[in-house]
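Both complexes shown next keep subunit A, but they swap its partner, so subunit B is in the first and subunit C is in the second.
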Partner chain A sequence: MGNILLDMITTSAILFLTSAGLLVVFGVMKIINFAHAAFITVGGYATFVAHEIGLPPILGPVFAFGVGAVLGALAEWVIVRRLYARPLDAILATWGLGLILGQLVVLGFGRGVQFVPPPIQGTVAVLGTEYSLYRMVLILLAIAVGLGFTALINGTRLGLSTRAVIMNEQLAQGLGINSARVRLITFAIGCALAALAGSLLTPLTSVDPLMGLPYLIGAFMLVMVSGGSLPALAVACIVLGGMQAIISTYLGSVLGGLTIAVFAAIALRLRPEGFARA
Partner chain B sequence: MPDLADTSRPAAMRAVLSPRGVKRTAILAIFGAAVLVGPLVLDPYTVNILVRAFFVAIVAVTVDILWGYSGYLTFGQGAFFGLGAYTLAITFSELGFGPWQAIAAFGGAMLLGALVAALVGWLSFYPGSTPLYATIISLVLPIVLVQLIYSGGNFTGASSGVVGYFSFTFMTDTWFRIAGIATLAVAGLAHVLVSSDAGRLLRALRDNEMRCAYLGLDTPRLRIVVLVACAAVAAAAGAGYAAFGGIAAPENAGFIFGTQLVVMVALGGRGMLVGAIVGALSIELASAYLSSILPFMWELLVGIAFVAVIVTMPAGLFGLLGAAARRWAPWAFTAPEPVTLRTAAGRAEVAQAGTDDIVLEANDVSKSFGALTVLSGVSLTARRGELVSLVGPNGAGKTTLIRCLADGREASSGAIRIGGTATDKLPPHRVVRLGLGRKFQAASVFETLTVADCLRIARAGRDKPSLVTTSSELALPAAARSVVESSGLDARLEDEARHLSHGLKQALELAMVLALEPELVLLDEPTAGLTRAERQRFADILTDVVERERLCVLIVEHDLDFVRQISSRIVVLHQGELALDGSVDEVVNSQLVREIYSGHQVEKTGEVTQ
Partner chain C sequence: MTHRLPVTLLAAGAALIAGAAQADDPIKIGVPVGLSGANSVVAPSVVQSAELAVAQINEAGGLLGRPVELVVADDGSGASGAQRAFDSLIFSDQVDALISMQTSAARNAGLPILSRGNVPYIYTSFYEGGSCHPNMFVNAWVPEQQVPPVVDHFQAEYGAETYFLIGSDYSFGRGMLEFTREYIEAAGGEVVGEEYLPMDGTDWAPIISNLRSSEADAVITSTAGGAPNVTLTRQLRDSGVNIPYANLAVDEGTAGDMGDVAAGIYISASYITGIESDENAAFLAAMEEHFGDELSTPNELSVPQYEGILAYAAAVEATGSTESAGIIEALAEVSVDGPRGTIVMDHQRHAPLTMYLGRVVEGGGVELVTEFDAVSPGEQCPDL
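Here is the complex of A and B:
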């Protein structure tokens, strides 16, 4: 029993980590970043590289975050920025970007599977069971990402500009806010968070060119359901992640893997405006 | 004279014999000959690759119809292809191969594709769904399908797919001809459909779905119907592919394939059937040759080309070629047929027979967003032959009231009846069918359609458009026709709406709304941004229509002089409440209106507000 409860919580934490970056981009730019999965993969490989060049394990996620941010900023500058007026095309272009990143990874590292030794090993006794310590740490990390981003949005000048752009981009521009810069930084942070998630996943999964893909649809659906709000995303992750863990345990992992997509699709059909103001 | 010949022949024959029809037949004959001769001149490997490519091209055509023509970006068409492939493979594995099994397999594939598409359509399209949401759902379908295939055990062959069943024993050359002719047939049918009067609806959906809904078109249903048809075709192509290849594998259904289809259509040229087909054939062919020579490089190059095309030339390669051809060889293009205006048989008798019947009845209508009330307890009646102006300062709730009247789901409470029927919870297209026409504040037309086509879309609810032929006539009710003629739009019927001036776009939208033969017309600041002369002409048209057709017009307007000139009654909204409802003189000379419009408070009411 304790085991399932912990599975539910840690599944939610992983979902939150893997969808936060997507939400950031969606919230500000109103587009879905289809390259999200590729950036998760990039984060995994960045961690692998960090390990190879001998960085201490604690710096792996930091390195991945940096790589994601730089590549994200570059992608925004070269591609996405030209497509503000055509949102569906912007989505397509990010899909193309994902293809390119995926192939670059394959060219650089091959199709094979890489392993990164986990920074934290062992188990811990919680709620009467022995549970993976690393998965417990992920809960804290998810909370840290959520709080960190909330602080950034609510406590800094950049956050203020961002909120202004979200509410009324034209007015914000008229008030002298450089909305192009806000978009650049937003996209970079979104990609960096995806890469960070990829890095944090490395102890749980192998690093391969398609490692980000399984998280893509779940992240899409969670972000759509949450309607672009971070607290709503957290709630969606807890509810749907919990359901996923339960269904995976009792009905098998195949149905478990479909939980989020199916339930979120039906939920959105019944309540199209999302659950941001629920 | 062609005219004489025309009238004595059936419509279908006329379509074939017109210059356009001759061109179509010639193109079809050339490609048909190429398909028949192809296996004789190509090497066996290429022929083999092209058979597969033809089946893929058929699906690409459906992607182009859904995305390029009707604006629904879908990654799910690959799933319908896979569904068809699996249906055939499982039918042949379980029931053996034979004539009736073949019929069952193809019929079952199309039926299953159609059913799944109906479900996906129901999930994706409803009044108020967003294009982004529909796109995401199109991604969910292949993912769910592939998971089901993986967990299907021996029945679906899990990850290795269904193989080893007996199928047709045609030679590859025969398959080439079958698949090639099937592709041509699908492309030909699709071409006839998209250039028919009904096919214009697809582009109208793409350009402006909201306008479609406010022209009384059930846009979700329309989209579902198109998706169901496209899914059935894609499933049939998948079945054909499995019959040829002897395998149905998970990657035939997966979302990677679905996205590859979008890449093909984007590179070839969306919104052009030839672009979709050439895109599919060339990518299939090139990847068959290049993926063995440059295994990783090839996909990288496709990715880069894809992004470059999306960013720099959204029309794709054929869009670019088409534009160049239009510039350098305009003689190759047949000029659009001139459109002749006709007056549609209207409901003149209804308009005259009516006495002072009530068209609009709003009772205690309120609208609030959470704790914020923007409209509270507004009651209003309007009759035939009345021109009611709705005035009030910014934020008084005028546009909100218009929205509540036009969309039965908007109001938080209260009752609205249009033509005697309650609009409660009705989506816009149903309200429009009760006799309402709404003109938006910013001119809302179909930018890439011609003026005549915009007006035809407005008539689509009354004169069922043909799925096959293109009409060269435009029948409009008298009121709409008079707007078209007096504004000078009649000289520009063949021009695309995006090339019109702001004033003409406004006139076009008004004509479209009047073409619905509404009983109640809502106009939200129709004269904003018009020149003085345009404004005067607009006033003349409006008063004329109200008088002649005995329409009821409700107009939001800021210019008090304009309001005074045209109105038969004025309603004042102030802070979300109905403040005044009376004759022009009563309202214009009232204390409140002077106060609102002069900007300073008159003592008496000043005390009240403090």
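Here is the complex of A and C:
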């Protein structure tokens, strides 16, 4: 029983980590960043590079966050800022950006699988069972990311500007807030969070050119259900992630893989605008 | 007169060139292979070993006095790409034979085109078994050859009675584990769990939890190659699973690269680089010399490709022609002494093979545990 409970919580934590970056971009900019998967992949490779150049494992995620932020800012500056008035074109453009990033990764590192040694190994006794220590750490990291971003939005001047842009962009501009700068920083942070997720996943997965892709659809569904709010995303991850773990355990992982898509579709049928302001 | 001489010379020259072209007309071997898509990681090593085989044949004077030429085409690792590749190789390049390592989907899609073109085809990839075509031969393993060494060893060495099977949800993964289940049950063991994760799944945690609560004596996995394999192995180790563990889908190179995470894993293969024979040593040295820094490490998918081309060459020499009917008859009889030993595709278009049970050691690399001589492919194509 303990195992299932832990599977539920850790699955939710992984979902939260992999979808937070997408939510940040969607929440502020109202566009879906389909290059999100590619930024997760970039984070994995950044961690691999950090390991190769001899950085200590603890700096791997930091390095990945930085690489994601720089590439994200560059992408916003070159491509995305031209498309704010055209959300459908932004889907195509970010999808294309994802393909380009994926191919650049292939050109740089080849199609093969790369390996990053896990920083933490072994198991820990929790709830009467031996459980993966790293998965337990992921719970704390997911909470840290959630709290960190909440603090940024609610406790800083940038957060204040961001909230103003979310509420009414024209009014915010009228008040002298540089909304273009807010968007640039938001997109960079969203991409950096994706890369951070990719980095944190490396002990559990392989690093390969497609490593981010499996997370994209789940993240997309969760962000839609949550309607763009971080606390709602956390709840959606706990509910749907928990259900995925239960269904995978008792009915098999093939059905488990459908859980999020099916229940997200039902949730959106009941409440098309998401559950953010429920 | 002044004009006629050059014209005559030209005509004579043209005739000479045409005549020469006929005598030197190369024997063409088509290689449809996944240069892009899922097989793109292993394809370079397959093409290299094919190139070595052809270079060695040409250095020794070719076949029937004719040079051999390789025509490589990308099959995209899938059905639609394979149809295009088979079509262009057979009908526009007019190859004399097809020899290649492909995915099962690509192979199946190409077979109808093989019937229309009526060329011999040697399939050099291990696969789930039971694929039959009058023009097709297989020189790699089927489940009947790969699985028994693992189960036999687990029973003898660890006294394992209960087994848990984990795979990726696709035809090869399910096919392998279905056979494994039958073999375990026939051998008196019990399968206490059999679970599959979709191909794009990344979280094995619920399956691993079920494995732990099943308290199985041993675990056998058959995932898609590459990422799913690494992901499952890492998460199994990360969860502290330390019962005997055989991975039916990992190759020697990947297992070695995974390092300590993979330590202790059993693999079952018809080729590992550590085979101690003169043929293997000569092959490895020739590969090294031919490709130098560009060398992709020879492996279980590239070595059968090398031997497949040698088998075709032997069949051409034996029949003295490249005519399909004769070649197909000869392919069932000719034997090749290659890096994997002596191989004859005389068991219903399949070949008995020496199987090696290896174990990944700490720090990477694979040590040979034991070998099983002339393991039969069993009943694959009783109608052929």
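Note that the second predicted complex is superposed on the first by the 278 of 278 C-alpha atoms of A that agree within 3 Å, B and C clash if a C-alpha of one lies under 4 Å from a C-alpha of the other, contacts with A are read in each partner's own complex, and residues count from 1 in each chain.
We adopt the following convention: contacts are C-beta pairs under 8 Å (C-beta built on N, C-alpha and C of every residue); 3 or more make two chains touch, one makes a residue touch a chain.
If you're wondering where the values come from, they're calculated on a predicted model, not measured in any experiment.
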item: Partner chain(s) touched by A:Ala38 [first = subunit B, second = subunit C, both, neither]; value: neither
item: Contacts of A:Thr10 with subunit B and subunit C, given as first, second, both or neither; value: second
item: First, second, both or neither for A:Gly122, with subunit B first and subunit C second; value: second
item: Which superposed partner A:Cys237 touches (first subunit B, second subunit C, both, neither); value: neither
item: Which of subunit B and subunit C A:Gly257 touches, first, second, both or neither; value: both
item: Subunit B versus subunit C as contact partner of A:Thr205, first or second or both or neither; value: second
item: Shared subunit A surface residues [contacts with subunit B and with subunit C]; value: 252, 254, 257
item: Touch list for subunit C against partner subunit A, complex; value: 40-41, 169, 195-198, 200-207, 209-210, 212-213, 226-227, 229-231, 234-235, 237-240, 254, 257-261
item: Contacting residues of subunit A [partner subunit C, same complex]; value: 3-4, 7, 10-11, 14, 110-113, 115, 117-118, 121-123, 129-132, 134-135, 201, 203-206, 208, 210-211, 213-215, 245, 248-249, 252-254, 256-257
item: Subunit A partner contacts - residues on subunit B that touch it in the complex; value: 71, 73, 122-123, 126, 128-133, 135-137, 139-140, 143-144, 147-148, 150-151, 259, 262-263, 266, 296-297, 299-300, 302-304, 306-307, 310-311, 314, 370
item: Touching residues (chain side subunit A, partner subunit B) in the complex; value: 32, 79, 82-83, 86-89, 91-93, 95-97, 99-100, 102-104, 106-107, 217, 220-221, 224, 252, 254, 257-258, 261-262, 265-266, 268-269, 272, 277
